[in-house]
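Below, chain A partners chain B and then partners chain C, in two separate complexes.
Entry: the complex of A and B
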C-alpha cells in the first residue's frame, strides 16, 4: 500500500519539477554540479547513521562468524580466526537441517494462516454494522496490546495438562480422551500451539492494515460490478484483490521477517522441547550463543538465517524491483 | 529509462536486503562493557546472589571488612539468579569486573575452564581448606586446581505435615519402602478429600531424580578420560527412574507431569494445605510458612530415605561457590574478604540461617530445627552434577533429564526408549 502511494505521490512532483525549472533555464547549467550533489549531501547524515546502526552490526556479525569466540576468548579479548570452522560445524550437524526445515515450515504455516485470517477479518469488518465493527476493533486492539510473555503465560494455562480450560471444556463436551491430555508431548503439537499464539498476536495488525486498504477502494467499482451482475467471488477477484494485492504482498513479506525470528514464545513454552522437537533456528542460536557461550557458532547461525530469509523473500524482492522498474 | 529502472531496482533490492539484515542482526549477540567504578581509591565490588546470605550477615561482614581496611569501600550488590549467566559473561568480559562473585556450583566448572577465574589453589589452606564441604570442593575443582571457595549448600529433604502424620499414625520413614508405605497410608487416611495429595511431585523434579539414581549406585554421566558420556541407560539409572514413577503412581499426585517444581511454585501448592509431603529446599518451606504462618508448627522434614534401611539417599548439593574473576583489579583484597567470610563466626551465621556452611564442618547451629537436622544428616554424603564445563549448557539449555521424565511418566515412551534417547542427547551436550 505504502509502495503504491509513494509512487502515486511521486508522479505529480516529477511533473511539476521540470515546469518549475523551465523558466530559469540558463543558470541551470552553471549550478548543476552543486545542484546534482546537493541531494546526496543532504542524504549523507541519514546514510551515515543507517550505515553505522545497521551496517556495522551486520559486518561485526559476519566477522564474528569466522572467529572462535567462546567465554575464554571473550573475557581475554583474544582474536582467534577459524575460517569456515563454525560453518562446517553447524552445516555438518544433521539436526541443523531438520531444524531449518522445521523453521521454514513453521514460518510458512504461520504467515499463511495469519495473513489469510487478517484478510478475512478485514473484509468482514467492511460488511458489519459500525457497532459490531467497533467491538471487533477494540477486541483486536486489546489482543495486540498484550505483552508477549503475558500472552504466552495465558496460553500456557489454557493448554495446561491438569488445570487448563481447554482440556476441561473438551471433557465437559464429551471428549473424555482429553482428560489430562498433554499438548506438549510432541514437537508438532507444541509448535501448533505456539503457532496459534503467534497467529493470534499477528492478526490484529494485519487486519487493521488490510482494512485500511480495503476502505480505500472506491465504492463505485463495487457498484459497477454489481450492475454487471458479478458474484461476490468475482467481485473479490476482479475488484478487491487487484487493489489489495500490493498491500498483501508487503504484509506477507513483513510477517515472514517477524515469524521467522519468533523466539520468546517458543522458549517460554518448552525451551524448544520436548527432546528438542520444537527447536527452531532462533532457539538454536540461543542455545549455541547464550547457553553454551559459543558466540562464533551462534553468529554463523545468524548468517545462515540471513541467507535463508533472503531466499525465502526473494520473490518479493524480485517483484519489488520489477514494480519499481515499470513505474 | 532502462538504466534508471535498473538503478531503482537495485535500490529496491538494497532496501529489502537491509530489512532482512536488520531483522536477523537483531537476534545476533552483542556485548557491551558494563563495569563498576574505575579504580580510584579502593572499592571492592562484591556480587552475591539473591537469597543466599542473610542481610544481617552481609552487613556485619562488610562493616568489619571496611573497619579493618581503611580506605576500602565495599560495593555490595545483590544479583538475581534469573539471567545470571548472561550477566556474568558480560561483566567478566568488561575491563572492570566485580572482585568477588557468587557462582552456582553447577556453573563453576564452565567459568573455571574458560580461564575467567583466579586460581586459588595456593590459598586453600588460608581459607579453612581442611573444613571445606566435599561436594562443593569437587564442584570448584578443575584440572586439579581450585578456582573458588565453597560458600554454602542446601539440599532437598522431604518436608511433611506433622499433624497429618500424627493423625494417620505414621512415623517419619527410615527407608524407601517405609516411605512408599507412608505415602499410601496418608492417602488412605485422607481419602475423603478428593483434592488431597499425599505427596506433591511434579513430573520434572529432576534434582529429586538424581537422588534416586545415586541411591541405586548409578550416575547421570561418567567421565571417560577428560570427556564425559551419559550414563542414563544403565540399569541403576533405570531403577532410579522407575522409583520416581512409583512415587508418582502411589501418591496419585495431581502435579503436572511436564513441568518442574517451579511452575507452579510447589511451596504455593503446599501452603494451600492440601499436600502432605513435598521434596523441597529449605527456602521453599520458608516461603510456604510465609504464605501460611500456621504451617510453622505443623511442619518438619526427614532426609530422602535410601533403599538401604536406616541410610539416607545421596542428595544433590545445590549451592554456591565464591570466586574472584581473573580480571579483578583488587585480587589481594578480594582474597582477604573471602578469608574473613570463611571464618567460623560467619559460617555459624550461615548455619543458623538454615544453610550448610561451605567452609566449616561444624553444623551444630544448623541442627537446632527439625529441618536443619534433616539437612545436616544428608549433607555429608551430598553429591554434585558432573564437573564439566559443558554441564552448564544442560541446565541453561534443553535438559534431557526433564524430557526423559515427562516422556516416561506420561507413557509417551517406554523406559528403555526414554533413557536411551535422553542418554544420546545428554552425551551430545556434554560433548560440547
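Entry: the complex of A and C
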C-alpha cells in the first residue's frame, strides 16, 4: 500500500478558478474557498447516509437492548428501561448457549472448509491443462453467480426425500437404506447440507482470488527450489505459503464476516428446524424480533452477535486498520 | 510426472462436474415434464423436453409482481449508491483535505458493518418513518448496504487512473470538471460496470430485510416469493426449477458482461504514447 495518489489535484489551479467565479468579485479567493469546500461537498451525501443508515441504527441497537420493547410498548410508544434484563434473560437460557455454540461451530467449519478447498483448487489450477482450467473456471463462475435462493431451491430438489437425484443415485449404487431417506430429520444433517451449499458457493471466489495470487509468485523461486531438490511439500511450505499467507488471512477474515451471518439459506431450508435444531444466532434474532415482536430481547441477541463477530475478527481488523492508517 | 499431470486433470474435471451439476440439474429439471420429475425412473439426461414449466412459473400468481418489485428496488438502490459513492470516491482519491484519513477509515469500517445485526433498529426506524410494507424502505436499506462497498471499490478504480491524464487535459485548456468528465469518467467505465454488477447482485439476493419489512404480499421481492415456492408450487419441482432459472438468468448475464469488461484493460498504455 503506497501513498502515490494524493498529489496536487486538490490544489486549486488558476486556470479553472477564475472561470467559475462570478465577474467583478474577488475571483481568486472565491475560487479557492470553493476548492476548499469541494471535498466536503462531495463527501457530504455519503457521510450523511452512513451516519443516518448505519451509525444511528448501531446506536439505536445498543439503546434498544436495554429497553423492554414488545408489541404493547411499541404501539403505546412507552419507554421502559430494564437495564441488563434482556441480557440476563438470553444469557440465562441454556438454549441460547447451544445456539451460540452451534453458530460458532458452523462458521468455523464452513470457513475452514471453504478456504482450504479454495487454496487446494487454486494450486490445482496451476497444474492442469489450459482447456481443463477454463472449464473449471466457467463451472465455478456458474456456482458463484447463482442467486442464493435459486441455489437453495435446487439443493432442496437434489436432496428431496422421495424424488431427489441424490437418494436415487445412492440407491442405484447399492445403498438401499437411502430410499426415502430424509436429510432434514436432524439439525446436524440439515446444517451439513446447508454448509455444503454455502461452501459450494463460497469456494469459487476464494479459488479465483488465490489463483490470481499464486500465479503472481515469481517463477525463479520455484526453479531455485527445484534445483535444491525440494519435495512438493517443501516447495509449498517455503515458497508458496509465505507468498500466499497474507491473502489467505484476508480471505479467512472476510469469510468469517460473511458466513457468521448466514440467514437466507438456513431460513429457506427448514426455518431453523426441525424443532429449532438448525437455528443459529441470526435466525434467533429474526424469530425473537420479527416473529415474536420482542424487540428488546432481539436487540440484545444482535449485540451479542456483533461482539462475537468482533472477537472472531479482532486480530485481523486491527492489523487492517493499522495498515490503512498509513495510507 | 505424466501420471501426476493426468490425475490433476481428472480431479479438476470431477470438481468441474461438482460445481456445474446444480446448475445443470436446475435447467434440465425446468425443461422436464412433470410426470418425469415425480417418477422413480433414473434420468440424468432428460428424455423429453417441454417449456410448460416456464409458462407455469411465469403465469404463477406473484411472479411478475415480485420480479418487478425486485428490479425496482435493486436498480434504484444501486444507481443511488453508485452516484453518491462515486462522488465520495473522487474526493477520497483525488483531493487533499483535512480529515481525509478519517473518511477513508470510516468507509472501510462501514463496508464491514454486519447489516444483518442491524435488523431490529432498522425495522423500528422504518416503522417510525411509516415505511413498513413500502418498497422505498428496501431501496433505502439496499442503498446503505451497497454504498460503502461502491465508494471503497470505486476509490480503488479512480486510484488506478493516472492523474497525469487529467493534468494533460487541463494543460490543453480543460477545466477540472471538464478534465474529469472527458478523461477520467470514460476510463472509469469498466470499473463502474463491475462495481454496479456486484452491488446489484447483493441487492438482488437480499432476503432478511425483504422478509422482515414487507409483510404485504403485493410488496414481496423475488427471493421471498421464491422461498415460499412450496406453498406456491406444492411439490411442483418443475415449476420451482423454472422460476429459479428465470431468477438466475439476469445475474448470469451481468456476470458475463463484467467478465468481458474486466479483461479489456482500457487504461493499459494510455500514458506511454
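Keep in mind that, in the parts below, the second predicted complex is superposed on the first by the 258 of 327 C-alpha atoms of A that agree within 3 Å, B and C clash if a C-alpha of one lies under 4 Å from a C-alpha of the other, contacts with A are read in each partner's own complex, and residues count from 1 in each chain.
Rule of thumb we're sticking to: a contact is a pair of C-beta atoms (placed from the backbone, for glycine too) under 8 Å apart; a residue touches a chain by one contact, two chains touch by 3 or more.
Note that the structure is a prediction, hence the values are computed from the model and not measured.
By the touch criterion stated above, A:302 is placed in contact with chain B and with chain C alike.
Once chain A of one complex is fitted onto chain A of the other, the partner contacts of A:290 extend to both chain B and chain C.
When the two complexes are overlaid on their common chain A, residue A:154 makes contact with chain C while staying clear of chain B. Once the two complexes are laid over each other on the shared chain, residue contacts for A:255 go to neither chain B nor chain C. In the superposition on chain A, A:46 contacts chain C only, with no contact to chain B. Of the two partner chains, neither chain B nor chain C is touched by A:167.
By the touch criterion defined above, A:61 lies against chain B and chain C together after alignment on the C-alpha atoms of chain A.
Of the two partner chains, chain C is the only one that A:136 touches; chain B does not reach it.
In the superposition on chain A, contact is made by A:71 with chain B only, not with chain C. More residues of chain A are touched by C (comparison of chain B with chain C). When the two complexes are laid over each other on chain A, chain A has residues 50, 54, 57-58, 60-61, 64, 74, 160, 162-163, 257, 260-261, 263, 282, 285, 289-290, 295, 298-299, 302, 305-306, 309, 317, 320-321, 324-325 in contact with both chain B and chain C. Within the complex formed with chain B, the chain A residues making contact are 50, 54, 57-58, 60-61, 64, 70-72, 74-77, 160-163, 182, 184-186, 253, 257-258, 260-261, 263, 270-276, 279, 282, 285, 287, 289-293, 295, 298-299, 302, 305-306, 309-310, 313, 316-317, 320-326. Taken in their complex, chain A has these residues touching chain C: 5-11, 13, 15-16, 19-20, 36, 38-40, 42-43, 45-47, 49-50, 53-54, 56-58, 60-61, 64, 74, 121, 124-125, 127-129, 132-133, 135-136, 139-155, 157-158, 160, 162-163, 165, 168-169, 172, 200, 203-204, 257, 260-261, 263-264, 267-268, 282, 285-286, 289-290, 295, 298-299, 302-303, 305-306, 309, 317, 320-321, 324-325, 327. Considering their complex, residues 4-5, 8-9, 11-13, 15-20, 22-23, 25-26, 29, 37-40, 42, 44, 84-85, 87-88, 90-97, 100-101, 103-110, 112-114, 116-125, 127, 140-141, 143-144, 147-148, 151, 159, 163, 166, 170, 173, 175-177, 201, 204-205, 207-208, 211-212, 222-223, 226-227, 229, 237, 240-241, 243-245, 247-248, 251-252, 255, 259 of chain C touch chain A.
On the side of chain B, the complex with chain A involves touching residues 5-6, 8-13, 15-31, 85-86, 89, 92-93, 110-111, 114-116, 254-258, 326-327, 390, 392-393, 396-398, 400, 402-403, 406-407, 410, 412, 421, 425, 432.
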